[in-house]
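Quick one: structure below, then a few questions.
Here the chain labels run A, B, C, D, E and F in written order, and each chain numbers its own residues starting at 1.
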């Protein structure tokens, strides 16, 4: 009896999409306005979804208080009110696209969960654009 | 050609998370504020999703009016403005966590659907916490 | 140059609408399902709006961190995961309708704000029903 | 490393549910208010979800600007502010139920995507009713 | 102690914006896509807001069950799944813009309320466009 | 017969809250995380509300296509995907708090509207924090 439990969270950050090994024209052609060298930013809305069996004793798949703390430590404290390119080590050499941010968040949270649990990360970069990743 | 059709509904209810066979301290340690003996409550938002083939005659997977009535009879009339622990028979001996409520709703609706249809229940306990269950 | 700044917050609670000095039939006639003696509950979504001049030094009407703390102390800590009728002193003798809850919240927050600031409370009892009160 | 990227869009349209080869009574019995011969209408909200590998050069599954243009050309320009039954060729002989509209949108967009990409269409007919189709 | 209570409702309808006494070119120039002679449509989301004193006996400004019935009788039954231009008498000679629809709804509901109550109508034509009218 | 018509729009931007004439410690004390010298960012959601009489010929207070273009020219093209502090001239010497951004937007749009029309700007900095300004 597998149930998925999901928790929403959010963080605000600045970022820029570009590659150091491309010249400005190529970055502009591929990343357009997202290549602004002065950065732009987003309110990222995050959904962390954990799938597993219901513990028959508690009726929980995972204690939401535990999951909330993991999200706070791994995502909010690390990314909130930060410049992702400059201040978040994972994006020193990785373009902070929504896709890559979702993968990074997945890789930070997955090892902290019991092995029997599946994880999916959904990340809204804007209310109109979002991505999801489940480690497959 | 499998399509999933979803219908939203809602109900308001009081509940308390605890186990009779645990003492107050253990209930407090596990369920925290949710163990309040005077109860607290939620606006539960429900999404009922039914997957099946499109009927080539009508263009429907299932008539939404039929699905709406099933939800009204099985969920809204049974749970709305109720105390789940005291007034809903399924939770006399089952902790009314969001996970367990989703499973109970699934088990009430599934037998009323044509055998060829799959069912998924998504239940928002708050706008920030939700669960889903599809009978697997 | 008056600007209104608003902050959202939320709390979950159980309640019941009834009057001690009416018999059950009259309570049932007036309050319907909300008169359930076993209580029901809601996710209350709250918007606290403060109107005043922009401080030319900071660009703030009020520091959101200050406002967030006031809401936490006066509303969330007092109401969240509580039974409003039994556990919140203001509703011992006052029916916890959305209207009355909004007035109580207004009366708790207003004295903590600078005298030059106006206050409006908007309270969603459900996503479909809400009230607002601005002390007039 | 499969990631799903989703883009929201919308269009407003009139439609009517009925079959030419049924008499009015049968159409009324099956389609109810949706059989109004003078039409009614909706704000359709659309989510187009594309699943594939992250391009290690760009960090994109698909360039959102490309996806946005496909949606504009295939869906918005074709359906927005239109009468689906009368003005959209796919619904001359196909009932414009939400299910069928989702399949039509899928069939228009899928051939324009790289073969390695999976596609899912989610279509909200109202904020309370929605369907999804992924070509299976 | 004036409190405003609000109730959400919705209806789906087809409409067309044009004037009989203008030729097609002038209608096209002013109303653009909204002049489509085959109609288009919307999910109209409605907020009905009533302002008045709290009744000290009940704690209500107005009984929501009463307000809900007024909205059902005056708006939902009259407009839902209808073609506004053809089937709703108020729009036989009045262009069904969001502005005019809001005024019509106001004029239908206001006489049914106690004289001491103020009324405001907010009408979303789409999630991005909305109007409000309070009889001033 | 005054009606208010509102249009939603959005832009993404980076910003930093601080004053040049304060040292880092004072900026940190007042602006906290918002003083990050590497910037952070937001998805700003904007509501532009215009109040006036309904034109009896068209049924419009203002043509939404006209209002949409004003918002595009004055706000989206000027602020979207920009660093507000560095790239938007109005914030060279003005702290880009939500309050100040709302006033700047008001001052850009008001002169472009007919004198008889009132204007209100509502700006969501996050889904939880928003401000409004109507020139009073």
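Keep this in mind: a residue touches a chain if its C-beta (ideal position, glycine included) is under 8 Å from a C-beta of that chain, and two chains touch if they have at least 3 such contacts.
Worth saying up front: this structure is predicted, and the values here are computed from it rather than measured.
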Which neighbours does chain A have in common with chain D? B
Please indicate which chain is farthest from chain B, where distance is taken between mean Cα coordinates of the chains. F
Name whichever of A-F, D-E or A-D reuses the A-B interface, so over half of the contact pairs are the same residue numbers. A-D
Which of C-E and D-E has more C-beta pairs touching across its chains: D-E
Mind checking the centre-to-centre distance between chain B and chain D? Centres are C-alpha means, answer in whole Å. 29
Distance between the CA centroids of chain D and chain F (whole Å) is 34
Which residues belonging to chain E are in contact with no fewer than two other chains? 127
Mind listing each pair of touching chains for me? A-B, A-D, A-F, B-C, B-D, C-E, C-F, D-E, E-F
Of chain A, residues touching chain D in the complex: 17, 19, 30-32, 94-100, 102-103, 127-133, 136
Contacts from chain F onto chain A in the complex sit at residues 10, 12-15, 33-34, 36, 38-43, 45, 80-83, 86-87, 126-127
Provide the residue numbers of chain D that touch chain A in the complex, in ascending order. 1-8, 54, 57-61, 63-65
